[in-house]
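Two complexes come next, and they have one chain in common, chain A, joined by chain B in the first and chain C in the second.
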Partner chain A sequence: MAENGQTQETVTVTIDGREVEVPKGATILEAAEGIGTRVPHYCYHPGLSAPAQCRLCLVEVEGAPKLQPSCVTPVRDGQVVHTESEKALQMRQGVLEFYLLNHPLDCPICDQSGECKLQDYVFAEGRKHGRSREPKRVFGRDDFGGDVLFYGDRCVMCTRCVRFMDEMEQEPLLTVVERGSRSVIDTFFDRGLADASFAGNVVDICPVGALVSKDFLHKARAWDLDHTPSICPNCSQGCNIELHTRDDLVQRLKPRENQDVNAHWICDYGRHRYEWMNRGDRIEAPLVGRGGGRRATGWQDALEVLLAGLEGAAGPVRVVASASASNEDLGTLAALTHALNGEGAVFRSPRAADEVALPGFPKLKRRRDLVPNRTGAELLGMERVGEDDGSGGLTEARDHEGVLIVLGDELPDQDGEFGARAELYVHLGSYPSAAAQAADFVLPITTFAEQEGTFTNFEGRVQRFWPGVRAPGAARPAWLVLGALLARLEGRAPETRPAEAFGRLGSLAAEFQGLAYETLGTRGALVNEPLRIAGDR
Partner chain B sequence: MAATVKVMRRPEPGKTSYLRAALKGMGLTFKHMVNTEKVTLQYPEEQPDLSSRWRGTHRMEVHADGRPKCVACGLCPTVCPANCIRLVGGEDDNGNRYPIVYEIDEFRCIFCGMCQEVCPVEAIHVGVHFENGEYTRDRFVYDLDRLMEQDHAVTHLWDPSDPRSE
Partner chain C sequence: MGYPYSHEKEVRLISRGFGDPAARTLDGWKAMGGYEGLEKALEVGPSGVIDEVKASGLRGRGGAGFPAGVKWSFMPEKGERPHYLLCNADESEPGTFKDRELIRWLPHQLIEGCLIGSYAIGAEHCYIYLRGEFFETTQVLARALEEAYAAGYVGENILGSGVTIDITLHVGAGAYICGEETGLMNSLEGRRGLPRVKPPFPAAAGFFKSPTTINNVETLSVVPHLLTNGGEWYRQWGTEKSPGTKLFCVSGHVRKPGNYELPLGFPMMELIEDVCGGIRDGNELKAVIPGGASVPIMNVSDCLECSLDYEGVAKAGSMLGCASVIVMDETTDIVKQVRRLVQFFSHESCGQCTPCREGTTWLTRILSRIEDGRGTEQDLDTLLDLGEQMTGTTICVLSDSAAAPVASSIQKFRDEYLALIRRGERVGAA
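Up next is the complex of A and B:
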């Protein structure tokens, strides 16, 4: 609400007997949310305009002749509001009964069941039994193109989706056709949502099961899903998301509110790129030895042998990192490289030809960099090499003769000859790769979905993510593995928590100084000025 | 509590007659020969008369066209306290939601009947049935086809408005 606190005028209102001080101009609904009172609503959405047409947020305001729509009624000083008064409850019960007149009540086969606002409100405040004996109107379902499927019968005509397309996407591809009980959301002729870049958000904001995702259709029940706060790893915008997981598999990605980054929205590009998090072909144990002599072993054993190898190796150290790794992983790698007197690391990252912005919230773009942590890698002194499709740039590393360390890059464009001439080749990765054939050590590391950590987004905002799925086998976070090596080289106890690995970043790059893992919270914090990285991300 | 010991006197060999005890036992036996209230059931020639509320192995109801009535809503695996139901939902060619996989592990099942109680389309039922012998353990995981093949009577669950089933 208030951007600058001191100049903001406040008013005091009484909501359900509780006095609350809110900024002037706030609505009753916002004021009520502030003290934890949820007023039922459909058409109001914090990211969109409020047409006050669903008539569900009506509350009693003392002195007003009629019930007031709380989503558009601004608070006045000394106002007394009753959200749960008999009059308000009776009205809401009546409104809900109207909503159910034509609703098919097909909760058992509806994907929204369990996270449906109509279900919740009717269960909480609606009539126990319907009284309608009239036949219901039937629309059937309609393919809106893209990932969106429309079940007209379930729609409550809140028009959130229409307003999202008008105000946020600013490409009015949805509209209301017909009138009265026959009114329904529709696309324009054959032009659906297929070419919209943010259309997936209409599924998120639909309060009922009218707009559902084809990708998620019948896949899981809402109550089976575990929600883990995370950061979208598909571009450098760093949108706040939730991983919705079931049986240790990511089932879908949903946006998480952060007004500083993505408001309530995410793009379809990021939303639909989650299948790789469920890849089954994983390295599950540390592998030691080249070619036919390779054997799986335990971490203790592998690190002992690796440490002996590192101490015995004479050649210079060369590092290939990945901008998909967390700040902690990259920071520990940089510290280890430094301890081994190695050169600055390189990384490769795919880069799209253009950005895709959300016109209604222009800060949210699918950025050109299709990796989450390019800024973090560059702040830690790593250099981007290779082409915009994420290939090439590794001719020196390929034939390097000293110690070669690869972290997180699957090296899809390289063959078994990669690193074959290296004195010692350490490959830290999640997936088996042809380019790891010549490696002396193949160490299994976790993906971002399986570990805790932070990414630094395009503008230098450091944001935390949490583990949503279990790591397979003996896979461990890279900061833990590299930290154990580094600690033994330095003869001290290794870091055991990501916060400790994060704490090291300040000594590696001045931008990270003063940031504390614990205070990043769920909204993240900007790194210090001056940000050495400039230009278009 | 201190253990109390009751000292039993053993009958002394050669000084005791078993005749009285034997006659008493035989008397009881002959009494039961003419007793009308017999409890022995000549199973399997005679079948027990099971209660209509008996909860045995499951049965899936089918539509007239042979489709399962189940719509894969996911309530039974959610409510199942023994976690014995595995369900993967999907959509058939006509756009109907149906279970692609529906398996009940009858070994895990505790026959509480909650799956039947929670089912919104009256598809899954526990049955009035108890003869489930198999030669291998894996046969006790009933898949959808097997559940649909079952033809035994289904259970009448307890009805709160008719607590005595009258």
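Up next is the complex of A and C:
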């Protein structure tokens, strides 16, 4: 528990009979979570202030006259806490019954069902039958603007959403109106969440189905979704996310906690840019040959032919890469380019005019670079070219007469003439593209959502992601394809695991030395040297 | 606007001047010995003032009955942050109308009390938070404050002492919960009037996170007299643990309802039968709520031996609270009265804490159903159980207050509930 090398003062408390040493100033709830004891709660959220108003986290503290809200009660030395005592359980059961008084119990049509804290808590600790015979209060539904829909009757009034807008977005667009049992969350008249940049987080932190995403509405049941830890590919912040997938389709992106990068939050810009991961128009098999002679083939065949082509080619090698590719993809590409005596690669990447920061956690910004791995590409010696909209900069590549390798850039601003003069044009991509018409080899590669790997974010944090959906057809990770070619050129066995491809990075750029793929974990690690590159990323 | 009733058994210390328009003016107040207490306070210094108030044993008149001098002594040494005195004049407890009269008739008494209190705790600014509906009262106080400013009692360099104390009036917007001290602070800061979690207590971090003391109008109105006459002088009235006099707001089915200032420890039956002229129309007494809407209800046998001091009423199973005695005779429909009380709390709940937000409404609905003749005996058990769930489980005590009359009335008037549930028998309209 040491921070900045200073030893923190600790106190010893007993929670449910277990003695535990916790830092002074921690709350009972935090101390309990530390030893795996979950105290039910709604209003408390680790990223927000605690108003202690849901009254669900009440626990018995020996010596205290009343049950204490564990979310705000600090631990004291020698304190004895019972989270499961008869008194505490009875009180929680009572509070849960209050929550159900006006709850519509519309779980069958509620998006939160399956990941709902009201369901969970009532199932675990609630009464079997409610005693209320009174009619239920009805608030109905409200469009909060942006992607957020509000079901007032499901609300438990924890005010997490109000506090998120107050404390994090610092634009109090939500508030509680009226009081008592008439109180309800609302926007300011017609001014909803449409202008907010981080409003999607209120849906994430809503413990019940009161705030739901319009985009996700009735799209999938929570229990059908697979959760895969990943990194948001939509800017260079490198927010930790989860891909929620069903039937090999990404259904939504959710933030994953990482205090070093994005805390508990992600921006709406990143959150809503996932549809491309589900694109159906994919290259599914290696294509060999130009124009009318083009044929689909297997990898073995394609690589044999390509290898022969590479060995026979006389012209210089020119490479166009992409900053959306992983460190492993780019590292293997760089090594191959080197082996072919090629020049340094170039890449293009879109760049926004400004950043959008989350005031309550200012380190989290939608960065100007709208690609996940510009830092990785530059560390590996690649040079950014072209305009801020991601176009241009390829005049030389377009008319290159030697060997031309394109990795991961769909080249939307180019036509069939691109690479037509090349002696050998290899296009590694995921999607059919007009600019691949002249290619001698079109090799299908996976997207980041279909493969394992790492990105290097704006500050040089190397973070892992995992495959959430299966690759279509014969698409393979670029590092695997390029690694096979490289291994043949070097006369050795190819890499078969991303860790091996990652292991090469240290020899290509000193910054990666000392980093081990296996120890990056889910939180990532900073590159070990100050970044050489200048700029505001 | 005269003052309706008085009685010879009254000891009128702070209510002297009720009904006398002259007492409202600065000259009138000075003729009654006004602002002598302030001069005395400036002589003896802040710690001298606190000692005098401690010696008097004066207990907070807002309802909780915490010793006022001790409360003041909780204030920390002067630090970086300013100290504040807040005067709680958001009197909105059903059945309570003492602070309004104190301000209406003796505004300078309150102003002097605020000045002395501010001086004692080292505050240079005092806010008086007035209930929104107190229209005339606010005007009277504002006029008096203007006079006091002009005469140099308030503002910079008070009476040449070098002490600066400003007083600001703030009118609330009509929410009962803003009378809860931390809700009041939030409201005064311009936020929603939501009670705050304690700790931190106001003396540590209150109004704008600064050391703050909050006193009731009546408490502060007593203070000038303690300085003028000495703390010990106050102990000649009342009991050992509840010294002094208290304004009793008597309402309901008595012949002469009104404010009566009596020594604490005064027998309840004597208050009802003698001071207030007995029950109206020669009816029988049925029930009493002794301390405003938020305390347990008492039946006749509870009342017989009850003495009106903090300990005496507690012994009888209720609380003195702010001494708002609501008297009900035999014609009273207890179920209806309790439903109306609970409905009030349900309407005024701030809505933060789940047990209060949902519980007060649920109580109201069950009680309404019983009142309509659609209740079951099981409902009574549910009501009692809910009362338990709502007691001691919330940030402030509004939830407890709503539960108190329900539980006590079922305990003491179960027959009346049962008669309504089983046979539809209803006590006459009241």
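Basically, the second predicted complex is superposed on the first by the 531 of 537 C-alpha atoms of A that agree within 3 Å, B and C clash if a C-alpha of one lies under 4 Å from a C-alpha of the other, contacts with A are read in each partner's own complex, and residues count from 1 in each chain.
Assume a residue touches a chain if its C-beta (ideal position, glycine included) is under 8 Å from a C-beta of that chain, and two chains touch if they have at least 3 such contacts.
Since this is a predicted model, take the numbers as computed values, not measurements.
Answer with first, second, both or neither: which of chain B and chain C does A:Arg279 touch in the superposed model?
Neither partner.
Classify the contacts of A:His227 with the two partner chains as first (chain B alone), second (chain C alone), both, or neither.
neither
On the A-aligned overlay, A:Val72 touches which partner chain: chain B = first, chain C = second, or both, or neither?
In the superposition, A:Val72 touches chain C alone.
Classify the contacts of A:Arg191 with the two partner chains as first (chain B alone), second (chain C alone), both, or neither.
After superposition on chain A, A:Arg191 lies in contact with neither partner.
Check whether A:Arg18 is in contact with chain B, with chain C, with both or with neither, and answer first, second, both or neither.
So A:Arg18 meets neither chain B nor chain C here.
Return the chain, chain B or chain C, that is in touch with more residues of chain A.
Between chain B and chain C, C touches the greater number of residues in chain A.
Going by the contact definition given at the top, which residues of chain A touch chain B in one complex and chain C in the other?
Shared contact residues on chain A: none.
Mind listing the chain C positions that touch chain A in their complex?
By the definition above, chain C touches chain A via 175, 177, 192, 197, 346-355, 357-362, 365-366, 369, 382, 385-386, 388-389, 392-395.
Residues of chain A touching chain B in their complex?
So the residues of chain A touching chain B come out as 107-109, 113, 141, 217-219, 221, 223-224.
Could you please specify the touching residues of chain A with respect to chain C in the complex?
Within the complex, chain A touches chain C at residues 51-56, 58, 65-67, 69, 72, 91, 94-95, 97-99, 101-102, 131-134, 137, 156-157, 176, 178-183.
Please output the residues of chain B touching chain A within their complex, sorted ascending.
71-75, 78, 89-91, 95, 97, 120-121
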